[in-house]
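Two complexes, one shared chain (chain A), two partners (chain B, chain C).
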Partner chain A sequence: MGTFDYILMGIQAVFQGPALFSILGVSISVTLVMIFGGFLTGIAVGATPGLAGPVAMAIALPILISVFGYTPDALLPVMGFLIGIMKGATIGGAVPAILFNTPGTPDAFMTTLDGYPMTKRGKAKKALRVAHFASASGDTFSDIVLIICAPFLALMVEAYLDLPEKTALLILSLSFIATVIGGSAAKGLISTGLGLLAAYIGTGEDFYPRLSMGQPALSQGFPIATAVLGVLIIGAVLKELEDLWRRKRDSGTLPEHRDKGDQRLRGADVRRLLPYIGRSALIGTAIGALPGIGSTLAATLGYTVGKSRYARKKRPDAPEFGQGAAEGIAATEAANSSVSGANLIPVLSLGIPGNAAAVFLILAAESIGGFNPGPSVFRFTTDSVNPELVVAFGLFTAMMIANLLNWTVGGLFMRSMGVMIRIPKHVLLPSVLLLTLTAIYVQETRIEAIWFALGFGVLGYLMRAVAISPLPFVIAFILGGKLEENARQAFAATGGDPWFLFTNPGAAILMAMALAVIILTSRKQKDPA
Partner chain B sequence: MANLPRSNLVLGLLTLAFAVLLLFVWIPMDTQTGLMEKVRRQVVIGDALAPTVAALFLILGGGLLAVVERNAENQPRMSLRGLGFTAILMTIVFVGLLVMRHAGPLSVWIVNAVQGGELEYRLLRDTAPWKYIGFFLGGTFLISGVISLVEGRVTGRTVLVAILAVVVMIFIYDVPFDDLLLPPNGDV
Partner chain C sequence: MKRIFKAGIAALGAVVVATSAFAADWTPPGPIKLMIGFKAGGGADTQARLIAEELEARMGWKFIPEQVTGKGGLNLANALKGQPNDGTAIGLVVTETLGYNMAAANAGMTPDDFTGLTTTAGFQMGVVARTDKGWATFDDMIAAAKAGQDVRFGAMSPKLADLAYLLGKAQGVDFNIVNVKGGKGVMNGVNAGDLDVGFMAGIQTKGVAAGDLVNLASALSVPLVQTPEAPTFGDLGVEFSADGYFVFIGPAGMPDDARAALSNAISSVVSDDSTKAGGLIKKAFGGPAAISGDALTELLANDYASAGALLDAASE
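On to the complex of A and B.
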């Protein structure tokens, strides 16, 4: 088995998997249909303010697992659907931002700055075409970087990092995620601490499940779906409902703007936009490769860099950035879309999720089994087939297919999604709440799971109310077990050395980096007063 | 913490207090093995170490918040009215779930009382229409209650929207599948 054989098997696994139907005698595999379905769903939820990719992933996951079962054959259709949602939601978020000045997803906020002024000038369709072109370009670039980098990074990790270094790397990742998400290092560390604590309740190696207070309900620990969906989805729904109640929802009448003049994206437009797209794609990919830094920061940076270039290069009669410049849309959309592919680099090469979408991919992999994202996936065994590597190349294929769909039908579908803004949020959110609780119940089939999820939901709400980002909590909850397991193994392998994180040079460097990240970010955030 | 510009300080101190409680009360009293244990002449990591690391993260975060970030700009202001709204919302959710849990068995009890039969909900929990009663009534109450709370009024349209949403959910999670159980049918 060579590298090329693995790539070929990955592609075959997508195209030649179980067939759902055939067109003109050509079998269409179920994975292809799922990628397509996920992609369209993603555009629709991205275009609906109040919904986002993770909500659709949370609701879809138990249904997908029920349909496809807990076998390795289920991995590609299920994860293909989730990847489709991830990519679709990225371009869908620009639709309400451009048409109604309301970002469908948080990272589309900067798109409103130039998108909505273009709509007011009668150039809505052109603005949507610019957003789609930039988004698809950034996304494709990011995926190519992922496909090239992830295997090499994984191989390096496997070759050079031993158990103490891997433990230190996890601590560095957690410290990094804690301090860079949400703008407050202290609050990120609290979020991480709470996530670790939740992961350690009802677990451990002793006969007595630790920290369970003798309660049978806690003795098996918290199911991962209750913590992830509770903090991420239910917490967000509760906070959003409170905000809506405060604002008492506006009248619901939406402004209408008629399109005027040429709406097509011409060759000259593309040549003018490409430098902005290229810069933003690089920025988004670099940011996406670091776990925890989200697409919103990438969009802001891409926009800022684009703005400074535009100030030097713009024609005198062209609108300023923020007043309807197509380059502003391109810079933002290319940056936020190029985060999604690169975000999977730490997931696939290290097993460390960097954003909410990656969390759901790990959740799917853990629920189904047979695929453990991390460096061991990229073992190019020659004497026998490594099925995890075949799945990894299958996932890369699924991403490229989703990109192809994005380039072909994505724009058309995206431009028809303006209607989604008419769904009132205060009607949608309670339904999302019940859908999420139902999704958790059908997976766990016990009422305690619903109570746990609601408890985590209240925690997520309170965290948002005091401006603590819930993402470090979720990532720490997922990595908590892995951190403890690695530490136990490293401790045993070093002959019971309690200082193994500091006596091993590689681990000591990573620990010093973790400390430096915390100190530097805290100093930056210190109030000058 | 309401309306205090020093919410970071309060939150930091509360976190520190919780971490101290965790470190010196909860972990020692509710964990059977210590930080390190000797098992068959080998020293291994005990169950108390990992939660201790979690507590250290909390101490670090709480300490930084109370000392370094206590005068940071843009500190959140929690409003008691907002908390009150969420408390009412959670009460509606709780009542909705109670209705969901008990409506099915209660309807079987009523049918038995009226018709004199000996039906058992447990045996009917995967049979229509019994299996839908709790989810339908509880779900409709939950959705229409929350919408009405946000709107500040109860309308027939709200109830119709809730009924439609619950029916759609039944078609998503139950009708196509034999192996999925809607709440509360796995527990009764």
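On to the complex of A and C.
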């Protein structure tokens, strides 16, 4: 059994699995159908604000498992469907971000910055083409890296990062995000602080639900969907409704954006975008390979790096980043899409998920059985077949099929989404609100979740009103639990050393970088004044 | 003492079967709210949902599953306590929730506030290390610790952290005890090298069979099925164990016919490995363990009472 035999067996497992039906005598395996179904579902939910990929995966998983059961044969169809959703949602998330200034997924937030201004200029279809091209390129690049590096890379990263370094790395990420997004270090830190505060309500290791002020509703903490969807989507909807109301009162008409001019993506455009896509794909892939740091940070970094390059290279008459530059969309979408493939490096080789989508893949593998993501997957046994390695190559095959769909059907679907712009906003915004609340209720099934989401929506609205970016809030909320967990574990693992962040050289360097980021950004802002 | 108690459980289990005719006529007065104390999508959550699905098919009852997670099952207990006790609200937790966690949290609840329905499966709780750590037996690990090596010990609940502390104390070493979320978290930590050793409640079975992981000790009062030669906590000088089960509970004062009907229906599903639920339990938790009726009431009361002793021992 050589490496090549394993690759071949993985491909065969996808194409020659149990057949669902046959076309002209060629039987179509159920796995292929599931990847296709998942991909279409993914684009649809990604394009629907409030129904991001993880929500669809969460709803689909229990249904799929009850259909396919607990045999190893169920692994590839179920995980193929989930991978399809993951890929579809990544490109789908850009559609509402570009057309409606409402990110379908948290990592598409940066796409709104340039995508929506392009729509306002009548370049919606072109913006969608740019997003699709960047997204599909980043995704495919990332998958190729995954397939080549999975067995080696994550094992090495993990070998050099101990618990104190992981804690310091999270602190560095948070301080970086706080200072880089939104332009003001102080506003960013306020947003981050609020996010951490919300994350620490009702959580923690003690049996007493901390910060809950004796309220049973708060004792379970805020569900992640309520905070993320509330601040990002409901907050945006409320702000949009306000803008709409103001404009309607002023002029009596609703804004409508008609496409005008050339909407095609020309060879020259592609050549201009490629340097941004390439850089962002590298950033996204590198970040995706680090366990626990997800696509939102990648999108932010990709956008920031793209912005500084653009400032040096742009033609004088071209729009600035944030004013509708196609390069901004390309930099963001390539970065957040290239996370998804690389994210599976720590998942497959260590069993540690880097984002919510990866969590559901692990849950699927665990619930079904027969595939334990972890170091044992990549043992190339020669005397007997290692079935887990076959599944791993089957998953790689599923990802490549999904990429193929992405380049073909994905593009068509996204372009057809251009007609969504004709839906009037006073119909769409309430529908989005209703869908979001329904999605939250589907996931949480308790009425408090709706109140929480509306509360976070108001918070998101207020933050937008005073020009504080809600993104550091969301990232801090997501990483808050992980940060506390890592810090507690590092403290315990070092035998109760309170200085664990500074006595460990690796952690000390990362902490110094975290401080430096804050000091340098605040200094830079004083200069012009 | 423990063994006599276990024999008692077995005997009482037989009594429950005798009362089953009495329960045959009971039907729930409405849909049954099923609270699940575990994260959606995990093995425990899937178990609860599959049992509900099978009961809907067999009995025609209607279930509404709902996640109530956090605080070691105490959030669920709190929510379930105030529900009607006519059999229309039940929850799935672990016995540790009503035992150690309730005692340690001082949350104003005792097992008397609940009606135990039935357990579904036990844990195969081992003390597990990675094979390439070079520790073939428990003694190898103690020798390494005594030679000055820091040993990071992963535990997924406060009770287990106490047990790890008592284990170190009995063996004359200080473990660096690291609290980790869930058995999967312990396994990730051990595999990634962040932890040297940790508690795993059955999740290690495959890794041990493949030779990647090794069960150094059984944290139960009996040897592990997979590694019977590994010493138990009793052998190692700890008088407490991590024995525990998944358990369905309802609010206190549930009528006998409702209680018997629910526990009989659930235990017949989990004991039948041709059902999806039974198949999962066999695969993930090493087979069913259905304790119900008075035996369960006694088990829960005993767990709660002995939690105080464990807390006292661990705070000495």
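Criterion: the second predicted complex is superposed on the first by the 311 of 529 C-alpha atoms of A that agree within 3 Å, B and C clash if a C-alpha of one lies under 4 Å from a C-alpha of the other, contacts with A are read in each partner's own complex, and residues count from 1 in each chain.
The definition used in the following text is that a contact is a pair of C-beta atoms (placed from the backbone, for glycine too) under 8 Å apart; a residue touches a chain by one contact, two chains touch by 3 or more.
None of these values were measured; they are calculated from a predicted model.
J.: Count the residues of chain A touched by chain B and by chain C, then name the partner with the higher count.
T.: The partner with more contacted residues on chain A is B.
J.: Please work out whether A:I233 is in contact with chain B alone, chain C alone, both, or neither, and reply first, second, both or neither.
T.: In the superposed model, A:I233 contacts neither chain B nor chain C.
J.: Taking the superposition on A as described, I'd like to know which of chain B and chain C A:P216 touches: first, second, both or neither.
T.: Second partner only.
J.: Looking at A:R488, would you say it contacts chain B, chain C, both, or neither? Reply first, second, both or neither.
T.: Touch partners of A:R488: chain B and chain C.
J.: Identify the partner contact of A:L435: answer first if only chain B is touched, second if only chain C is, both if each is, neither if none is.
T.: Once the two structures are laid over each other on A, A:L435 reaches chain B alone.
J.: Scan A:A168 for contacts with chain B and chain C and give back first, second, both or neither.
T.: neither
J.: Looking at A:V95, would you say it contacts chain B, chain C, both, or neither? Reply first, second, both or neither.
T.: neither
J.: With both complexes superposed on chain A, which partner does A:K187 reach: first (chain B), second (chain C), both or neither?
T.: first
J.: After superposition on the shared chain, which partner residues are touched by A:Y208: those of chain B (first), chain C (second), both, or neither?
T.: both
J.: Scan A:R446 for contacts with chain B and chain C and give back first, second, both or neither.
T.: So A:R446 meets both chain B and chain C here.
J.: Where on chain A do the contacts with chain B and the contacts with chain C coincide?
T.: 62, 66, 205, 207-208, 445-446, 488, 492, 496.
J.: For the complex, which residues does chain C have touching chain A?
T.: 40-43, 46, 49-50, 53, 66-72, 74-75, 78-79, 101, 104-105, 107, 150, 152, 158, 174, 176-181, 184, 187-189, 191-195, 206-207, 210, 212, 276, 279-280, 283-284
J.: Touching chain A in the complex: which residues of chain B?
T.: Listed in rising order, the residues are 1, 7-8, 11-12, 15, 19, 22, 26-27, 30-33, 36, 42-51, 53-58, 60-65, 68-76, 78, 82-83, 85-86, 89-90, 93, 97, 101, 135, 139, 142-143, 146-147, 149-152, 161-162, 165-166, 169, 172-173, 177, 179-184, 186-187.
J.: Within their complex, state which residues of chain A touch chain B.
T.: Residue positions touching the partner: 62-63, 66-67, 174, 178, 184-194, 196-197, 200, 204-208, 210-213, 238, 241-242, 244-246, 248-249, 426-427, 429-431, 433-435, 437-439, 441-442, 445-447, 450, 454, 458, 461, 465-467, 480, 483-484, 487-488, 491-492, 496, 498, 518, 522-523, 525-527, 529.
J.: Write out the stretch or stretches of chain A touching chain C in their complex.
T.: Within the complex, chain A contacts chain C at residues 58, 61-62, 65-66, 69-70, 158-159, 162-163, 202-203, 205, 207-209, 216, 219-221, 350-352, 360, 363-364, 366-367, 369, 372, 374-376, 444-446, 485, 488-489, 492-496.
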